[in-house]
Amino acid sequence: MVPRYSRPDMTALWEPEEKYRIWFEIEAHATEKLGQLGVVPRSAAKALWDWWATDPKIDVEAIDAIEAVTKHDVIAFLTWVAENVGDEARFMHQGMTSSDVLDTTLAVQLARSADILLADLDALLAAIQRRAEEHKYTPTIGRSHGIHAEPVTFGLKLAQAYAEFDRCRRRLLAAREEIATCAISGAVGTFANIDPQVEEHVAEKLGLSVEPVSTQVIPRDRHAMFFSTLAVIAGSIERLAVEIRHLQRTEVLEAEEYFSPGQKGSSAMPHKRNPILTENLTGQARMIRAYALPALENVALWHERDISHSSVERFIGPDACITLDFALARLTGVIDKLLVYPKRMQANMDRMGGLIHSQRVLLALTQNGVSREDAYRLVQRNAMKVWESDGQLTLLDLLKQDEEVTAALGAEQLKEKFDLEYHFKHVDTIFERVFG
Amino acid sequence: MVPRYSRPDMTALWEPEEKYRIWFEIEAHATEKLGQLGVVPRSAAKALWDWWATDPKIDVEAIDAIEAVTKHDVIAFLTWVAENVGDEARFMHQGMTSSDVLDTTLAVQLARSADILLADLDALLAAIQRRAEEHKYTPTIGRSHGIHAEPVTFGLKLAQAYAEFDRCRRRLLAAREEIATCAISGAVGTFANIDPQVEEHVAEKLGLSVEPVSTQVIPRDRHAMFFSTLAVIAGSIERLAVEIRHLQRTEVLEAEEYFSPGQKGSSAMPHKRNPILTENLTGQARMIRAYALPALENVALWHERDISHSSVERFIGPDACITLDFALARLTGVIDKLLVYPKRMQANMDRMGGLIHSQRVLLALTQNGVSREDAYRLVQRNAMKVWESDGQLTLLDLLKQDEEVTAALGAEQLKEKFDLEYHFKHVDTIFERVFG
Amino acid sequence: MVPRYSRPDMTALWEPEEKYRIWFEIEAHATEKLGQLGVVPRSAAKALWDWWATDPKIDVEAIDAIEAVTKHDVIAFLTWVAENVGDEARFMHQGMTSSDVLDTTLAVQLARSADILLADLDALLAAIQRRAEEHKYTPTIGRSHGIHAEPVTFGLKLAQAYAEFDRCRRRLLAAREEIATCAISGAVGTFANIDPQVEEHVAEKLGLSVEPVSTQVIPRDRHAMFFSTLAVIAGSIERLAVEIRHLQRTEVLEAEEYFSPGQKGSSAMPHKRNPILTENLTGQARMIRAYALPALENVALWHERDISHSSVERFIGPDACITLDFALARLTGVIDKLLVYPKRMQANMDRMGGLIHSQRVLLALTQNGVSREDAYRLVQRNAMKVWESDGQLTLLDLLKQDEEVTAALGAEQLKEKFDLEYHFKHVDTIFERVFG
Amino acid sequence: MVPRYSRPDMTALWEPEEKYRIWFEIEAHATEKLGQLGVVPRSAAKALWDWWATDPKIDVEAIDAIEAVTKHDVIAFLTWVAENVGDEARFMHQGMTSSDVLDTTLAVQLARSADILLADLDALLAAIQRRAEEHKYTPTIGRSHGIHAEPVTFGLKLAQAYAEFDRCRRRLLAAREEIATCAISGAVGTFANIDPQVEEHVAEKLGLSVEPVSTQVIPRDRHAMFFSTLAVIAGSIERLAVEIRHLQRTEVLEAEEYFSPGQKGSSAMPHKRNPILTENLTGQARMIRAYALPALENVALWHERDISHSSVERFIGPDACITLDFALARLTGVIDKLLVYPKRMQANMDRMGGLIHSQRVLLALTQNGVSREDAYRLVQRNAMKVWESDGQLTLLDLLKQDEEVTAALGAEQLKEKFDLEYHFKHVDTIFERVFG
């Protein structure tokens, strides 16, 4: 976790205090059910919840100090709770293993992280939609291979991004559902010393589903799927970030990250305004993608479990969630305040002297009876002149002067082929599909 | 693609013939709709389908020869079709771009690959379930960290695998749904020269959904999700493969890959029977995981599209699908014919002189009023003797001779704590959860 | 391996015929030494080499047919050789294991692949150097963050690429040295049934060094290092490919992949010339990087060896080497024939009205006694006007009219700050460092 | 960075204080040379070094407070230095860019990290060597595929590990040399405003070499190589960790991580002693491998530089170095105190009734004139009985009773084939090769 790439809510979720809070909830809910089942006194859960109702401070240092002696984190925590709650606390954890607490806690943390990320995605989608509507009909050149192809609108670019992040949202919802399971099944997962009803009770209270079969641990294919889903989202972040970096290039400059009036882009070069936010996002995307790999390697634990996944998750649990939360929020800010330059879009589109309409002329000639080969030759010979003039000549002018062309296609018809609006007749259809 | 790790049906799907067959279907369906819309003569589609009904041989070499001249694969194919169908064929491809054909074809190939993989998973699940039922109550030791923990059944191990691959099945279904989209939207995806109804028609005919917004290409986050899902499945394959490799170790030998009567394990060492199939699967899993990475990097194409994804997909499209198909089938065979040795399982479980029941004695002493500290000390001092005897002494015998122990726990009570069945009382619950 | 991304020499190295040829050499050299040691008759090696001298055709199908019966590739090969050579062949392979042959063969294949790749790098370096010298003083704008910064030369860009690929060359040499080891040490590597002198002899004959300690297999950290090195080279290929893709963008167009006179960039849009070769290289780089991962996972084989590495290497051995060979050759072609447009470079540099010289004016004002704050303000207020004029105004003109500026800096001095040559005074130093 | 997986020296190297200390050194050395070149007063460097000689506290909070205003980290630092040093400090940083400082600092940090890691490797190598000498002739079974093969010694296992980490050491030395370069070349790397002699001076003072051609940044192929090298080392750590995890399995138990007398393996199960340190190392290895990926993606920066590498390096710089340092130290501790059980090794080797000697009998029969087919049949029919007896019968006994066998091989000769020492005659050769 890099502090400058983190936000408080998500970070708090991965702090020791929060972890211990979830531990307590799991233990208290379990004790409650054990009481109902007659395994422990009903008074035990009451004592725990009464203390909890006082909103006690989680004393991480005290727990650490106990752990330094017991060498066992869960026992240290239980000891600290017992010191605070008193004798009734000894009924906690009956028939459970540490993994029951640790794995269910990780499930809660990842599910809650997913909730934050879903809210991040909602905010991002809202920002993209707002700017898409704003620029629904702002003409700009569509580029394939980085080369001018045919016109699109800036709104269409954003509609694509919307549809992509909407898919990311659905994927994350599915990943959240997968990861949000509860395992309280005892050593090697047989429920030998704990009734499955305890698991069901805790699951219900924490909003989790029951892990159908655990083997002391919740199976790690769930986590692999979760972190792989974050990796896919990171890919989509990179795509939009790279788009903006391209648009801000000096020669293109069709859009820019927001730059406040008094801001300095460079201490040495007053002319510089760099797309540093989206460059930053590009790097963060690389990290989030990388975190999926060890999660995939974690799946093949030995037999009922080994603990090799644990060190991995101490890194990627917080690092992937915190970084993705930050990245989504940053991207939302970038989109929200993005400076868009329609005039420059138009100017860029015009710089090739209308070459971008060559396909329509070609088709029209063909439809008017010129063979495809001839049509291609006619358009190309004029197009090449425009190309060589570096945009000083225009294709329409040259075509109008080419008698072979005008024999097949009148001036009015020719001109109509250079109509920008022609390309936008289905923008509404696409917006309808995307935004409903 | 490595021939020895491939099966014919999946491989055929990625052969040029099949690709061209899908190309034809897309073009013919599109022409059909263009005819209905009055853009081209209705006779065009009829001519195409009439020819297709003759089940013509796809002449890959002839198409290649044309491509050598035109330097364009789609044009080469259209030319070849025109040579066969005649003049009506010139109406094909009206208003479309090559990407419309290529990307929709890839969608069809991946969707059909997913169908094969889903069938593979069904077969695997059936094999696992059969063996799980067979060994529902076959006792075996549960191991955490590779160390004996407490008893489970071999059926439970397989129930875990079943639940895991069942999740994989659901993930693959979702990935299939995501990838199965159709884009026929023309250059830069604006439908400028082709009606969106054509796309809808082709999509319906091919069993695809409509890509809401394409930008000449189908967005690559879909493919990233697809290949990431295959990677997760590979992780689960590795887990089960590693389990079997462990079980076949000389010292463990609780199960073995099938070994036919006359087979030689090693030309030099007649005693060898190696788990080579599952070792092989382990390596294949590594490959399938690796293929997800470039798919993730493919997401961030430049602007409306660049073609950097294309070379990647020429590798990972066939390689990931073919290898996973092979791996699932091989794993199914391994499970189906797995040699299981219940006696050895029992022998291994017994080798520690009953130490695996130490927890229950500890709990019973506590419940009978011995303090936890004392109980631990009592059990441990006997357990250590058993440990040091390397299984020659048994814990039950020693405990019966320990007066401090027997003061709290009678012989009958003690014996009951060593009951294996105690651990299996919820096997049925778990099976019910997993197999329904 | 994708046929269209492969070249014949490298591909041949990974064909079965070549593999069998190397197998034979290893076996024959070993038999030779065994003869000298008196373990087998000296006549055995002679018989083998005599047959080999007839340049016999390697009959892959015949060997495959035998393998179908024996289920063992090395035994099948030995049987086929025996069928051809006769009785003396039975002395081959004495005291060896299959891995001795397989692993040493892989070492030979990788070492020879490295030789081809080193030659590829030499060709690439030569092409880069030639173009660097050609454009040593061709001015072009240096860009940070995609934004104009200060002037460089196109030769400097290429000098950087040269230095980078020269480092790649040295890394590959080191990786080649690491991988080129010979292991002939028998089952589990103890030399129990074969004298270490055999290993030394075979190593010397094949130009390999001796593996100091093998455990039936050559340790896979060597291979991990080899494929990681290829991955780093792929990164450098991507860097140069991306540079060219940027330079060919419509708005930049400072360089282009070669485009032959009659070539069509797009069947529909006559104006298109796409950087498809470098886009292709970008995708290939992603694949080559991905292949390093399973090689890294292969390191941790179980005990003396498991065979999980084998299926991985059947993929990545040929795929990584063949693809990298192709990519290096393609990049060489791109560089060799790259169309470079110095005029456009100059035009792009000029489009910001001299803003790129703002730093020098700032420094000069400071040196002439203006406070840094005032200097920044003076330059910025003029720079902003230039910026807003979109290059219609020039910074030099405005500064000359700004009395506060001219009070500190005379017209002549001002003009001198806009001198392009100033930036190139150390080009020679850098070239000296890079090209020696 | 996860605190529990970090050690103080390495961590300190990545703290802000240390970073600022290196910044100061670079700036002061540069100022010194600028003074010698007459660009700034010689008194400037003196003032800086005089202040530095007072060992001033680096006030990170004060610098942060300035950065909150200036929004520029290097300017904030320079301002803070100026506040402390006084007027002379204004000559610092003349003609330099921030990247000159940042990239050279990263080079220093990585080089110093490499020094720590090299020392770690030395300690690890020493521990391995000590244990290897100790167990040079401790017999243990060699296992391929997890199955007993033929005898080795425990010392040989460790000799392999030694050779592997010795290669890692050499790789790290090479990576260190690559990464230890200094770039002080100004904006876009042309030395336009700073003399190359400054770079040479700073490089020499900091023990770095000169970056031949930088483009504002040090090229990232160097960093890719560095982190890839760490990834390979991680693979070797995993290999040795997995070996120990295997050896500690209940059924194998030939070695164990150190377990102190009073220690509790599990609060619930007194019999448990888990290989948690090496499981932990396995997970850490996965992380260190993962960090190589974004480093590889960082290579292809846009044009002279973009800043996408920066966020990546804020993660992987500290995380990869700190985690690897911790892992190497932990592995050293594990090896140093590893509990080794030669008796159990012997017992495991004996459990198959001498089957592991089957190859030698086979060879001896062949050498005495029995055909290979007959010899195989004779050995196999006895071996199978031993196999089925689960080690109750021994191969030697059975062979002695088989008349067909004894007709070819006398009792004495037979017995000799079961000699363990036979396998160890070249242990010395191998040790000589490895330890010199």
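Each chain carries a letter (A, B, C and D) given by its place in the written order, and its residues are counted from 1.
In this section, contacts are C-beta pairs under 8 Å (C-beta built on N, C-alpha and C of every residue); 3 or more make two chains touch, one makes a residue touch a chain.
Here's who's who by UniProt: A, B, C, D = Adenylosuccinate lyase.
Quick caveat, the model's predicted, so the values are computed rather than measured.
Asks: Per the definition at the top, count C-beta pairs in contact and tell me whether A-D or C-D has more.
Replies: C-D
Asks: Under the over-half criterion for shared residue numbers, do copies chain A (Adenylosuccinate lyase) and chain C (Adenylosuccinate lyase) use the same patch or different patches to meet?
Replies: Counting shared over all numbers used gives more than one half: same.
Asks: Roughly how far is chain C (Adenylosuccinate lyase) from chain D (Adenylosuccinate lyase), centre to centre by C-alpha average, rounded to an integer in Å?
Replies: 25
Asks: Counting only Cα atoms for the centres, state how far chain A (Adenylosuccinate lyase) is from chain D (Adenylosuccinate lyase) in Å.
Replies: Whole-Å distance between the two chain centres: 34.
Asks: Please list all residues of chain C (Adenylosuccinate lyase) that touch 2 or more other chains.
Replies: 143-146, 149-150, 187, 245-246, 268-269, 274, 276, 279, 289, 293, 297-298, 302, 306-307, 359
Asks: Applying the document's contact rule, which stretches of chain B (Adenylosuccinate lyase) touch chain D (Adenylosuccinate lyase) when the two form their complex?
Replies: Residues in contact with chain D (Adenylosuccinate lyase): 141, 143-150, 245-246, 248-252, 268-276, 279, 293, 297, 348, 351-352, 355-356, 358-359, 362, 376, 379-380, 383, 387.
Asks: Under the touch definition given earlier, write down the residues of chain A (Adenylosuccinate lyase) that touch chain D (Adenylosuccinate lyase) in their complex.
Replies: 1-2, 4-5, 71-72, 75, 97, 187, 245, 263-264, 267-269, 274, 276, 279-280, 282-284, 286-287, 289-291, 293-294, 297-298, 302, 306-312, 314-316, 319
Asks: What residues on chain C (Adenylosuccinate lyase) touch chain D (Adenylosuccinate lyase), complex-wise?
Replies: Chain C (Adenylosuccinate lyase) reaches chain D (Adenylosuccinate lyase) through residues 142-146, 149-152, 156-157, 159-160, 163-164, 167-168, 171, 174, 178, 187-193, 196, 210, 212-213, 215-216, 219-222, 224-225, 228-229, 231-232, 234-236, 238-239, 241-243, 246, 285, 289, 292-293, 296-307, 359-360, 363, 422-427, 429-430, 433-434.
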